[in-house]
Amino acid sequence: MEKRINVGIIGATGHTGEILIELLLDHPNVRITRLFNSGRGGVISRPISEFFPKLKNRLDVACAKPDWTQIKKECDLLFLALPHTVSMKFVPKLIAMNKRVIDLSADYRITNSSVYEKFYKVSHEDKANLKKAVYGLPELYRAGIKSAALLANPGCYPTSVILALAPLLAVNAIETDSIVVDAKSGVSGAGKKLEKEFLFSEIEGDFRAYKVNTHQHSPEINQVLSRLCGKKLEIVFVPHLLPIERGILSTVYIKKAPGAKFRPGGVHDLFRKFYKSEPFVRVRPEGSFPRIKDTVKTNFCDIGVKDFGRTVIVISAIDNLLKGASGQAVQNMNIMYGLPETTGLL
Amino acid sequence: MEKRINVGIIGATGHTGEILIELLLDHPNVRITRLFNSGRGGVISRPISEFFPKLKNRLDVACAKPDWTQIKKECDLLFLALPHTVSMKFVPKLIAMNKRVIDLSADYRITNSSVYEKFYKVSHEDKANLKKAVYGLPELYRAGIKSAALLANPGCYPTSVILALAPLLAVNAIETDSIVVDAKSGVSGAGKKLEKEFLFSEIEGDFRAYKVNTHQHSPEINQVLSRLCGKKLEIVFVPHLLPIERGILSTVYIKKAPGAKFRPGGVHDLFRKFYKSEPFVRVRPEGSFPRIKDTVKTNFCDIGVKDFGRTVIVISAIDNLLKGASGQAVQNMNIMYGLPETTGLL
Amino acid sequence: MEKRINVGIIGATGHTGEILIELLLDHPNVRITRLFNSGRGGVISRPISEFFPKLKNRLDVACAKPDWTQIKKECDLLFLALPHTVSMKFVPKLIAMNKRVIDLSADYRITNSSVYEKFYKVSHEDKANLKKAVYGLPELYRAGIKSAALLANPGCYPTSVILALAPLLAVNAIETDSIVVDAKSGVSGAGKKLEKEFLFSEIEGDFRAYKVNTHQHSPEINQVLSRLCGKKLEIVFVPHLLPIERGILSTVYIKKAPGAKFRPGGVHDLFRKFYKSEPFVRVRPEGSFPRIKDTVKTNFCDIGVKDFGRTVIVISAIDNLLKGASGQAVQNMNIMYGLPETTGLL
Amino acid sequence: MEKRINVGIIGATGHTGEILIELLLDHPNVRITRLFNSGRGGVISRPISEFFPKLKNRLDVACAKPDWTQIKKECDLLFLALPHTVSMKFVPKLIAMNKRVIDLSADYRITNSSVYEKFYKVSHEDKANLKKAVYGLPELYRAGIKSAALLANPGCYPTSVILALAPLLAVNAIETDSIVVDAKSGVSGAGKKLEKEFLFSEIEGDFRAYKVNTHQHSPEINQVLSRLCGKKLEIVFVPHLLPIERGILSTVYIKKAPGAKFRPGGVHDLFRKFYKSEPFVRVRPEGSFPRIKDTVKTNFCDIGVKDFGRTVIVISAIDNLLKGASGQAVQNMNIMYGLPETTGLL
């Protein structure tokens, strides 16, 4: 008999919530039983199609204030599509109820809570569960994901950057103090904030850097990469804002470690082999690089790599709302429930 | 000796203010003596280049709260680039001081104050000057503009629509109860409002109608057209929002009056002759229609017209910020001060 | 046992082909057995993922020259996603083989072949099948579609326009000689032509009308509407090009017939009832109009309607690539094969 | 009496030609006497307004095949807005006629002709004049520009990159083998090529790298920077294509030389002083970075710089068509003719 997962979403009315719902509607093993808002803002209950007209005639579930009784009875798994610093208000009780949780916020990604507090300007209220959370990047941590109770779904930039660097870092072939990442993201990465800088008249025809080398995703990237290569590492990281809706392209500049020797084609081979069995990483033919459109509306991370002698340049592209958020969350769910990893995602 | 106009702008920090400043900086007969904000909001004084970094090293004037002493001593002409309903708080005193005024708001465009009040939801506080205001569409009212003390600069949609209809209406060749205007505007028409509907993620990739047949520019258009043809007329008018920054294209559907007879090419000839001496109206060759880009960053209104027998289709294009606002205001200033009409505009 | 349709696509490498493939991959009752190009251009065979990198790891079928033996043995149903005037070179033989055919070109839409010849500049080579073709607009012709051997899938503009007019026309409540349609389409409607006018630098920031009242979709619209109201009718139709990729919004201006009487809300009711059971037409609440984004990436046609007394304004929105092309083709397939009409489309 | 320069443009119908014409029309000391095409393509003579409708009623000069008699009699200065490899067919004769020449192509920028030949795939036909050409970056070479007969106007990327690096390089404070430049350009940089990759449907919503570390502007940048710091240097350079029309933003990653010591704010001071007297370089306040829109439609290069300890990040923005091409060409003309450098450019 077919597996059936009863899913609830807390924070269903944001960008990630919207995409999650669309993915889960197409997923053969999922029933969306309940949609909740964050409980702030005073809205009691409204049909989800009032928030997303596209869902009219497709999903007739109300989005209401979180209700612990309903959660207890009707949900096996909860997705938290909440703003940073809000998720940790829900997690302790959910874990105590023995629910499995996939958190799309940053609250359980950074193991060192003082680093979290520095970048997110708030103290961490749930250090107990923080220790147990599993970082949900399947390409590196699939084994742990399988049995995770609390999964911290990676950030969008970290997904694109870590996958670009992992193959060379894992074999210690890189000068770890010279990594430069120049990343570019579409506007949806910032959610739906009503701020002047996100007006059409500000974005259209423009391009700019922001949070130059001070973005809150830097410590997340540094933490994972350091663990991977076994020494403390800090990348230089500059994110930029593209005048498009979706997608991230990261251009990564690497210097080979002095002792690292590669035959022609060797670096490319390394990438090809590293990701050979990965269903959602596609390494481009040698000399070819991905563009954002190759991955938009897909859960793929496409990677191009070229060896220029001392320097190696890697470019990765993802859809920030899919592989960079909701798609990866579903991929993690598939792993957690023993389903084929691509279910509902191809 | 060369004429020199000392100009002040009240409301200098909005979209129209910004464009006005750029035009006036290039105008050989203008000195910008003072820039003022609307007096609301509590900002006392800041360099204008803090609002518009582009003006750095180009205009070193502060934008401050309106100061009647400075206005009295240092300004011959005031441009009011203020929101609707704010201009009429300044005009009475300016007129009393014998200043000439070009008002870019809607406050002095609609002669019937009860119509104004219905569409702008506020009572008119300056009916005395309303009666004396001259409607600043040079192609129709040049004579009156020359000696105007108070000039009401036309709205953007009205400019594009009236110029498309005037030649046929002026000879009474139109069924006046069948005029349909389908207009499309770039986002800058709405100024810089911080509203969800003007976010990049809402506008990009989208297109929609708004204020369907209830837009506040309808009565302005109806008033001018009715005056032109000598009978009360009401158009059907649907504005739409384009995912671009600048420009308006109006597609106008006309039925010929039963008695109207035109030889082949006759309708086109009528347009060509009507605008023959106009420096800022360009009639396209027969069978050809303008696109928005033909007029962006210019003060031209481009018009294409084609006779389909019973139906005539006219398409006009303007830059809403120039011929539809600040450019036309400068054109009117040139007329008011006896300068060549194209000064600073070509 | 579940129904299984073996599908071949001829013309798989164009825009409509691409979207069709994506839809059919998600369709539980379809197996894509063969992909063919148009047979022109000399390409023998290449994996479809070389044309559409997104399909990599999702569909491992080559796109090759049409092969009649394969068609005969391996395809129950053929989709023709070919340019106009090319489809009619394939249809006679396919029909002779007893294959069912859904043609997405214009070749079998216009029953009067001399009208076809005037607008498509080529003589019709298959008048025999032209007579038998069923026009595939489910909302009007569902009964005939069920048993169609050859289905002419409607054009994108016609779909959006006919659905906006059908309810009022069907009850003869319209002045049939006063219908004005102002339609706006995204760029994908033009396919992937390599012409200067479709360069980014031409389209971005621009908007223009084209084929003013001479578009080849006019006769298709006129034919269906005339049939519906029982008298010959000609609309005024001006299409425009939007600087976006996908979507059509049609603004339709209607004059009520002199005798037509509606109580307040009556026109809206008429629409609501007319489309009550339609799975892919959504009538907006009274006074509300759709925007393009409501329908992009869906098979819905959203309709808003408002009664202004003598004038009624209807606005419809569709995704030109889905309800305006490939989505409607799949909807038609579902009807032809007795499947639930929304299968693979929600 | 006012200085008057009689100017001819060869290659007037391209993007740079268009912008040049617009600038020169506003320039008080210039008369455009003749416009020429490249002489290829067979067009004899057509009014320039047929190419650029915006120029209608503004410039009534025909664009014709180059005519040496007219050039000799009517032009003091020639701008060559020609494709690379075409300019060098005109220069020898122009120089022989004692005309002054501003060449906007790459033909006279790279002093080592074998490097030119490697990147532009054609042998250099005019090595004699190549030796005498002056590289027209006013901020570095103003003295030489004054008396130049043949001026090589810099490329767009080189302008943005060299200005970002010059202050630190000039004092040898940089590790010269670790410079990484991640540059992003609008589409107009590629001119108006009719290629699939420049279609709206390809560019819109997309972003990609191209010519990864192999772009033809690399040797131009390397040459100027090497000269500046006195040793051979090679940057890592990856250009990207933005879905916008105009503008370049270059993000430059620098490692300080081991011996370089700066007090807090010292690096920023260095930039501020280096460009203190430059009319077209604006250094942002410390900690602030420019966006593309700050410079679009201006001749400014805006620069932001921040010291992160071992790493310094510099971001520069220009309008590729102005400071990156035609604007800089006019700035150079002003210098060559002893005019105030900002004439016609503010």
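Read from first to last, the chains carry the letters A, B, C and D; within each, the first residue is number 1.
Everything that follows uses one rule, which is that a residue touches a chain if its C-beta (ideal position, glycine included) is under 8 Å from a C-beta of that chain, and two chains touch if they have at least 3 such contacts.
Predicted model, so just to flag it, every value in this text is computed and none were measured.
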Pick the pair with more C-beta contacts: A-C or A-D? A-D
Which chain's mean C-alpha position is the greatest distance from chain C's? D
For chain C versus chain D, what separation do you get between their C-alpha means, in angstrom? 48
What is the distance, in whole Å, between the centres of chain A and chain D, each centre taken as the mean of its C-alpha atoms? 40
Length of the line joining the C-alpha centres of chain A and chain C, rounded to whole Å: 37
Please list all residues of chain A that touch 2 or more other chains. 202, 204-205, 243-245
Which residues, counting only chain B, touch chain A once they are in their complex? 187-188, 192, 194-196, 198-205, 243-245
Quick one: in the complex, what on chain C touches chain A? 25-26, 53-54, 56-58, 205, 279, 282, 294, 297-298, 346
Inside the complex, what are the residues of chain C that reach chain B? 178, 180, 182, 184, 202, 204-209, 212-213, 236, 238, 240, 242-247, 249, 251, 253, 255, 289-293, 296, 306, 308, 310-311, 313, 315
